[in-house]
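Each of the two complexes below includes subunit A, the first together with subunit B, the second together with subunit C.
Presenting the complex of A and B:
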């Protein structure tokens, strides 16, 4: 009788797990002891003001000025380190300096680079938000990284080819291709976010696979690791295409020590809030949890961490206090 | 006592079947906002003459939606 009751309890637990939609690979107990504490320093935008509506890309210069792309008012904004709007450029349109759906943002020493979901190429602005030029890149860009003004690494969305990073020059010509691995049969399963370190090694966090990799300049894998033990994600057939419906890793960035920060998605104990911290050798050294869900993380040159709150209306800046 | 045992066994059997069904077919059958957005995007792309560019546009939007919207849980 006692054994039956225990079994009954186990079954109820299983049913609760199934009902809450958790997948088989997810662990309820994967939270590690925090090695980094977050101290909130700045909150930009709120439901009461119109500083930000739905920010997407963020970048910070050496003076602490914050640049964001704001999708809902088709703009690129420059905000001072103390939170005042210094400049706003853009507007809805397809002309120079205009946006239809501004998305990703990266920067070199002198310029800002912005993608648009509905317009091809990358628009270049100076740090005063003056439009400079458009780099004609024809492939759909799922992530990119500016290494120099004449070297822009782009992760394209492609089908039936392996995961690759294209290196474009300032004129939009492909100079080099870095192949990361074999392609999977399903659409967008190979999509990834990436970041380069000072030695031009690239860290790759796959969006729909439990895989983080460090690849050298020649394309050789230095290490590969999985953090969550997810063997497969749920997929759905939509309009005849099989698409993954759960995100494993959302974004990746580096701090000045070379530690790797990976924002987890649906499978994390705290979905879209857990950030896994790995050392350059790929060993997990900490997990930190953001107070709010975010679509991205950004770490500036002074190791301040930026993430989202209020569904994109708010941008938060944190100091990271290391305890290791 | 035997009757109670039999009933418990029946309940357990029903629960096992139910659990297996729920795990197999998933508790959520409603398509999410990003799945719906992809569906409509692709439908529009087909109307405008299906091109690989149209599909890429929808796929990119889907992946972005998964990253951005799914974590918001406002829809």
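Presenting the complex of A and C:
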């Protein structure tokens, strides 16, 4: 009897060990996946103040000043590195420096470039938020990237055309076109976010396709990968058009090491919070999870990560601690 | 001496009368200002906007509504217009309500909206909702209530504007 009891106890111990071994394996896996820790450094916009109402675009200069577009009060705001509002410009309208739906924001050394969902072109401001000029671009802009003041890469938001990046000069004239790949038959399925590295390779994250790509300056694909194994997205008839309604990848950015950060959408384990980190060769090296859902991610020159919280009334700045 | 006393009495009376006139002019005897009778709530028209919260978050969706309501005279907006923000019923937290309140505040600030806006946290107005932001026109002269969805058709816009202008 004693022997049987001892044997049973031994069996229980073995089972417990096996179970704990599995759980430690899982935890190791998670730790491996969670190769970047986020440390919150700054919170801009509380539920009570009037700093941010619904920020959309963000950019940070070398001094740490933060620039944001805010679609609810039609503004462009300059905020100091410690979170104080330094300047606010804009207002609802279609005149110089005014906005109807301010959206994306990018910057060169001296200027800020702002798109508007309802107005054509890109408005240019200096770093004191003084309106400088408007670049006349007729197509609606899905994403853009300022390479130089005289070279602005634009992904147009078009219903039925191949994935292309147009390079505009400061006068709004197209200098060249980069065609990224084959054209899908379905409307807006080729929409994408993109970012250039220092060698002018472009990293492309498709909004409605499970596809991340690295393309060289000539348009040749260096690599292509899928992270989630999604073959189809849900589509609905909207105003007579059948359009995708689920986003796979929301945004893409790079850190100073050349690692690629891709914000996942509806299909991620943590929708709009999971950020997949790939090395420059396209191998996934980590996944980090934002504390709150975000529509975009932004990484500044010092590798601080910025994302949204509280449905856009808050912007958070994080330090990324690498474990690899 | 007597002469001085009379003089003092006279002075006192003059000062008293001046004070009385001044007070009267400010608080009691000020005549009613007839220049904008409609602005102090005398217009028989009242407009109530039932504003879909999701339209506030979407600039193109609120464009028609904003263009219309901002085209009305500021005094009419202040005195004869109200806005009620409605949103989908769901699991609500205090945080959610605060976010909604902040976004509505931002929307009002950004658009210089002059009329008072209320947020229907209790979903009292849910039965009135359609998919769109609406305008409810109350006309006390004809005892009528009319309701329109945004974006307004040109005819609807003209009819409402005409009713408002005629009521001023």
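One rule holds for everything that comes next: the second predicted complex is superposed on the first by the 290 of 324 C-alpha atoms of A that agree within 3 Å, B and C clash if a C-alpha of one lies under 4 Å from a C-alpha of the other, contacts with A are read in each partner's own complex, and residues count from 1 in each chain.
Keep this in mind: contacts are C-beta pairs under 8 Å (C-beta built on N, C-alpha and C of every residue); 3 or more make two chains touch, one makes a residue touch a chain.
Keep in mind the model is a prediction, meaning the values are calculated, not measured.
Asker: Which of the two partners, first being subunit B and second being subunit C, lies in contact with A:311: first, second, both, or neither?
Answerer: In the superposition, A:311 contacts both subunit B and subunit C.
Asker: For A:117, using the defined touch cut-off, is the partner it touches subunit B, subunit C, both, or neither? Pick first, second, both or neither.
Answerer: After superposition on chain A, A:117 lies in contact with both partners, subunit B and subunit C.
Asker: Please indicate which partner A:73 is in contact with in the superposed arrangement: first for subunit B, second for subunit C, both, or neither.
Answerer: In the superposed model, A:73 contacts subunit C only, not subunit B.
Asker: In the superposed arrangement, does subunit B or subunit C reach more residues of subunit A?
Answerer: Between subunit B and subunit C, the winner on subunit A residue contacts is B.
Asker: In the superposed arrangement, which partner chain does A:47 touch: subunit B (first), subunit C (second), both, or neither?
Answerer: Second partner only.
Asker: Could you look at A:92 and tell me whether it touches subunit B, subunit C, both or neither (first, second, both, neither)?
Answerer: A:92: touches subunit C, not subunit B.
Asker: Considering only touches as defined above, state whether A:272 meets subunit B (first), subunit C (second), both or neither.
Answerer: first
Asker: Applying the document's definition of touch, where does A:133 land relative to subunit B and subunit C: first, second, both, or neither?
Answerer: neither
Asker: Check the residue A:235 against both partner chains and state whether it touches subunit B (first), subunit C (second), both, or neither.
Answerer: neither
Asker: Do subunit B and subunit C land on any of the same subunit A residues, and which?
Answerer: 117-118, 311-312
Asker: Tell me, which parts of subunit A touch subunit B in their complex?
Answerer: 1, 4, 7-8, 11-12, 14-15, 18-21, 56, 103, 117-118, 140, 142, 157, 159, 187-188, 191, 207, 234, 236, 238-239, 241, 243, 245, 247, 250-251, 265-266, 271-272, 293-296, 311-312
Asker: Please give the residue numbers of subunit C that touch subunit A in the complex, ascending.
Answerer: So the residues of subunit C touching subunit A come out as 56-57, 59-60, 63, 66, 95, 98-99, 102-103, 105-107, 109-111.
Asker: Tell me, which parts of subunit A touch subunit C in their complex?
Answerer: It is residues 47-48, 50, 53-54, 70-75, 91-92, 100-101, 117-118, 310-313 of subunit A that touch subunit C.
Asker: Can you check the complex and tell me which residues of subunit B touch subunit A?
Answerer: Residues of subunit B touching subunit A: 5, 8-9, 11-12, 15-16, 18-19, 22-23, 26-28, 31-32, 34-35, 38-39, 42-43, 52, 55-57, 59-64, 66-68, 70-74.
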